[in-house]
Amino acid sequence: MKRFTQMEYKDPDELLFGHAKYPISIGNDTEIGAGHVIPEINVAPGEGTEESKEKMVSECRNITRSASDRAVNIGLPAFILEQEHISQQTNNPDWTAECTQAQVEVLEKYHDEYGIKTGLRATPADIRDEEKDSGFWSSDLFNRVIESIEASAENGAAIVSIETTGGKSVSDYGISRGDPKAILFGIGVLGSMDMEYMWEKIVPICKKHNTIPGGDTDCSQSNTAMFLAGGLLDKDCSHTLTALARAMGAARSLVAVECGAQGPLKDCGYENPIVKAISGVPISTEGKNAVCAHSDLMGNLMASVTDMWSNESVYHREEMGGTTPEVWLQATGYEAALMNTAIETGEGKTLRDLYTLTDKYRDPQALILAYDNAYRIGEAIVKNGDDPYLRARAAAIEAGAIINEAVDSKKMYLTRFERDSLDSALKVLKKLPTESDKFTKDCIRKYSRKVPDFDPKNYEL
Amino acid sequence: MKRFTQMEYKDPDELLFGHAKYPISIGNDTEIGAGHVIPEINVAPGEGTEESKEKMVSECRNITRSASDRAVNIGLPAFILEQEHISQQTNNPDWTAECTQAQVEVLEKYHDEYGIKTGLRATPADIRDEEKDSGFWSSDLFNRVIESIEASAENGAAIVSIETTGGKSVSDYGISRGDPKAILFGIGVLGSMDMEYMWEKIVPICKKHNTIPGGDTDCSQSNTAMFLAGGLLDKDCSHTLTALARAMGAARSLVAVECGAQGPLKDCGYENPIVKAISGVPISTEGKNAVCAHSDLMGNLMASVTDMWSNESVYHREEMGGTTPEVWLQATGYEAALMNTAIETGEGKTLRDLYTLTDKYRDPQALILAYDNAYRIGEAIVKNGDDPYLRARAAAIEAGAIINEAVDSKKMYLTRFERDSLDSALKVLKKLPTESDKFTKDCIRKYSRKVPDFDPKNYEL
Amino acid sequence: MSYKDLEDKIDQRNVYLRYNVELEGPAIKPEEDEEVAKILPNDEPFRSIALTILNENRDEAITIVKKALDDGISPLDIINEGLMKGMDAVSLLYTKGIYFLPDLMLSGDAMMESVKECEAVLGHKSDSKATVVSFVAEGDPHDIGKNLILMFLRAGGYEAIDMGRDVPASDVVEAVKKYHPIFLTGTALMTTTMTAFPKVVKALEDADLEVPAIGCGGGAVRKDFVESFPMSVYGVEAYHTPKLADAILNDKKDWKDLRKEYSDVVGGFVSEYS
Amino acid sequence: MSYKDLEDKIDQRNVYLRYNVELEGPAIKPEEDEEVAKILPNDEPFRSIALTILNENRDEAITIVKKALDDGISPLDIINEGLMKGMDAVSLLYTKGIYFLPDLMLSGDAMMESVKECEAVLGHKSDSKATVVSFVAEGDPHDIGKNLILMFLRAGGYEAIDMGRDVPASDVVEAVKKYHPIFLTGTALMTTTMTAFPKVVKALEDADLEVPAIGCGGGAVRKDFVESFPMSVYGVEAYHTPKLADAILNDKKDWKDLRKEYSDVVGGFVSEYS
């Protein structure tokens, strides 16, 4: 595995939605990152559909039909359907196989009939459990995940992704207690190790079946921090600390790419702009059209350098305007259309900058993901590219510096809580050892005791 | 009443979102059309809340609280809450009074506590019924509407609107049968007469209570056509004929302004860009963030010259991302923020043009509302400004000409059905008499017989 | 850059595609459609009568029908062998996406008025397949949906009773007693008027009445709400109505069956039933 | 125009306002808050002990507590007059928006470990208000919500039993038999795992067991779903849990009451209950 020690983009200004340095082609005439933005729709299977394989297959097929139908009715040139698996699907790889098959069949039909460019992203669930299954890397549950990935690839998914959960117990502990060391260990060390372990297995399977290994996300960690951080008036997690966690998440999500993932990285990876700046792979992101799933403070900014624009997730049910696969594909589809118009007219960079500036100083979490700052964090990562721990630490410290500079220039305003937690986090982070081994040993000692679910054996430590 | 016989805007390029020639001020430091776009949120009361006044008051209060709460949590500088009344509210003006009071109270509280700029738009329902109540202009139901408007104004609504339904039975007949003459009579003659009658009553009430008379919409007619027209593959109403109906709708909605309505015109008036071009009043519009309520083919274009950006309507219930007042205010709020960033940076016109061009040729309905074409239709209207019939006819004929030019220049492509229905509609429209009286008499004869609900006496004809 | 310059730079196909235009097949005359050809009668005057309906030509339809009646042709034959065949062809073309709603409405108007001419000679109403009663929910003044339903039902050979707008539950009960419909349809635009539907069901139950199904649909009506009370089935499109009625009439389906088999009954994927 | 130039042109306040910054009052020391002052004990060593909790200082808390125990102060008094008072003050500051979750978690850690020291001397567990059992729904591996709930409950003086993740209904039944909790809490992230909640209710009913309420919440869980089966109440925020437990314990509320009075019980507007 080759670590990134240089930026694939040489200038942040080269970053633009719809354009990735290394676009991918997924069949059905569909390319991602090759000059246009593609909407992505993701609908959560309704309650009860988990009861049998038949119900789940039918649910998956129906979601696909509804989305396809709306797509042609409003004239979308292209769209991607993502299916995030529920645990039963991954637990039973035959469910995965049949669901995937059913969805691919519908998409093919629409492609043949209308010429619409489509493809399926299948995302098996990470059903491994740190608590239950001491063989985190070799258990039955692990095997089921791998089989499910193979079943997705084998049955026609254009892209396969996963949201790995390595290190979550430790980072959860750190996020709820405002402990930057635990967060760094959970994301930068354990998370990166787990992602490497998983993706070294996933990429060859995808290659074998001519499927695109799409990539991963730090969802289980940085997004937990973001969800807890909540809105401006929420009191659960400091938004500055959350910003540092996000920067670490970039160092982690990059690992999948280093193992051969080609993108589009998963929509919920808010760290994706950083990963794109480093690696040049296309990314999926979400923001203002994912309000169905959660509230973020960077709804426009997240579109700035996206290649696929997603709604994250939505209940499968009926709105006045149609069923949710219809309604939410229309929402992401219309935003993608705006971006594509900007690209076509040569005004892409203007729109990109407007997206960015709409949120840049709304919150520290947004600030560090503005493409110029994302690039800076990328640079901090590649400078320490060979060492997952050091690069995650460097990313966080750089994010802190970015926030502090914006505060100094009176563009970013912080509350006392944000100010204090940033200062204390930076103090802690800067004092940490510069050797990965030392840090790891230290953390194993500390968090094995404090975090009941954390078992170093799970990571062969 | 002074009819518009000249354009208030002298050049279509002056039209821009957030900027109206005649901005309004509604208290709470809030201005509309004065340089920034304001998001508008509208949530339909849940089923069962119509059972008692207490339930409805509580429902209205809760919708307001939820929206206000999200607004401050994501940092919106301003928002408007619209409450479209259900029939029980209008039928019982004491419900109107108490609901309005409860909502205004919450908004004031948030304004005082956070400094957020807010205001309530109250929209009593047009509960008059052509079929039931032969005194369309003087019945009990009519009185209830007027009382309800007064109760809204009296109890602190910043803006009062209504969606009048005059002429609907005839235009419905025409829309479902593809009969342009019936559509013109329903919208251009009966609709305009009814709007004039109503707004001559509404404006003085608003003035008395220092409330802004917000304006009307051709919702009951042009939107019926648009909903029936549906998506590209729907087969219920020709999209070219629908475009002509929309142009007529502009000639109609202008009447409220001529009677003294100051805007923001109602969100669902897709004809509003035309009315704004003529009259200079601020407008509310809806598009890609109203997918919860319906699908249109101009989701971005409708933002081009808007002053308030609305979600139209949504069920009051829970999404993963919060309750719908929260989720959908965030959706419209984030889009308004993008527009405001564009304004602040001097790139407003670029974003306006991108919005427009994203949809301009997606559908004939979109084409005629692109701001340059909207302006042209405005010119056709003011040229015949003194005569509601002739100006609606001229608007439709101009819309047809716009479509034909776009087809000739190979930018717009029509299906045979769209082509044929446009040709035949234009042929019919061009042959119609040039005297309003003659046309009216002719239509009374024809449609009294064909449309069971149409009674000329309702319009004192 | 100017608006015009921006516009000229766009390759539309990268932003949107008009699939309706893309997919359009060659134009053919309606009567040349293979399936229509099978439906249309070959003998005169029935063929001409059916063709006037197919061509949406009300005036000519009435003229030919009157002439046929004058010539002593049985009014029932004119209805069943001529007018209804034309209408069947129209419905077929609508389902196939070749005809559009206005075609259907205009053909329907032509058919209904021609039927009236026949009934004048017949001295009584002609037989219909069965009776369906349609109402708009109490409190709701919007009725275009109901009016479309009426037309689709009549085009499908049903006697469709129009109860109008804003109909109280008690009136629906009376109508059921009077007309013994095989199917009721109710429409509502708003969440706060769709609550009238369960009240209708309750009123029917209180009166010990039952119908095979009540189709409930329109505007803000949701399937999950409609399925929260008995006797009801959520109706998605107006043109589904005669198909639901056919399933009740021919296959003895009731509301429970229709909920389960909706897509099959109306013959195609329905997103709301997925 | 360049990005930098664009940025410099923006008056941020026309695009967004950071209300959290706008509204911030003057900084005060936590112990100077008027309501906190009323809660804190005045006598030593209890005041010092409470202050170490308020200051989230685990090491010092343990040191002072150990010293107090050595000095022969009653372990129960240390818990009730010192540690719990400190924790009450912390909870109050969290509710008032002055303290944040990490404060609460760190104070909670300090309190829990100090309590353990006291219990070591006491020779048995100290009394809690009552027992609550918390589980993550079967099939769901996400547990941060449950972990927060545990901490909030413990900070509120409850014995909180942690059943972990992915818990089968049968295990919940066993736990209810064993611990007789006054309240159960279940969390789920997904629509397809929240279906475990009604299964738990069914299993309890089958075993003839009942609890005053089961709080169900997390991720994609919806109130309307939770209220579609009995014994349950939809929980919105983790910090609501001890307030719900208090209402059960002190005011004998059950799930039916809690559904109706949720906002009052948790003391504020809750959008989901509106």
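Labels A, B, C and D are assigned to the chains in the order they are written; within every chain, residues are numbered from 1.
Throughout what follows, a residue touches a chain if its C-beta (ideal position, glycine included) is under 8 Å from a C-beta of that chain, and two chains touch if they have at least 3 such contacts.
Chain labels with UniProt names: A, B = Methanol--corrinoid protein co-methyltransferase; C, D = Methanol--corrinoid protein.
These figures come from a predicted structure and were not determined experimentally.
Touching subunit C and subunit D at once are the following chains: A, B. Subunit A and subunit D have Cα centroids separated by 30 Å.
Subunit D has its Cα centroid 48 Å from the Cα centroid of subunit B. With centres defined as mean CA coordinates, subunit B is found 40 Å away from subunit A. Residues of subunit D in contact with two or more other chains: 1, 6-7, 10, 15-16, 18-19, 220, 222. Across the assembly, subunit A contributes 44, 72-75, 232-233, 313, 315, 320, 322, 326, 337, 340-341, 345, 347, 350, 353-354, 357-359, 362-363 as residues in contact with two or more other chains. In summary, the structure contains touching chain pairs A-B, A-C, A-D, B-C, B-D. Contact residues on subunit D toward subunit B in their complex (touch as defined above): 1, 6-7, 9-11, 13-19, 22-23, 219-220, 222-224, 269, 271-272, 274. Within the complex formed with subunit C, the residues of subunit B that make contact are 13, 44-51, 86-88, 126-129, 131-132, 165, 172, 175-179, 224, 228, 232-233, 235-238, 313, 315, 350, 353-354, 356-363, 372, 411, 413-417, 421.
Of all residues in subunit A, only 44, 70, 72-75, 230-234, 287-295, 297, 299-300, 313-315, 319-322, 326-328, 330-331, 334-335, 337-338, 340-342, 345, 347, 350-351, 353-355, 357-359, 362-363 touch subunit B in the complex they form. Note for the complex: subunit A touches subunit C at residues 35-36, 58-59, 61-63, 65-66, 69, 72-77, 113-116, 317-318, 320, 322-323, 325-326, 337, 340-341, 343-347. Those residues of subunit C that touch subunit B in the complex are listed here as 1, 3, 6-7, 10, 12, 15-16, 18-21, 24, 27, 94, 97, 99-102, 105-106, 109, 139-141, 143-144, 147-148, 151, 164-166, 190-195, 220, 222, 225.
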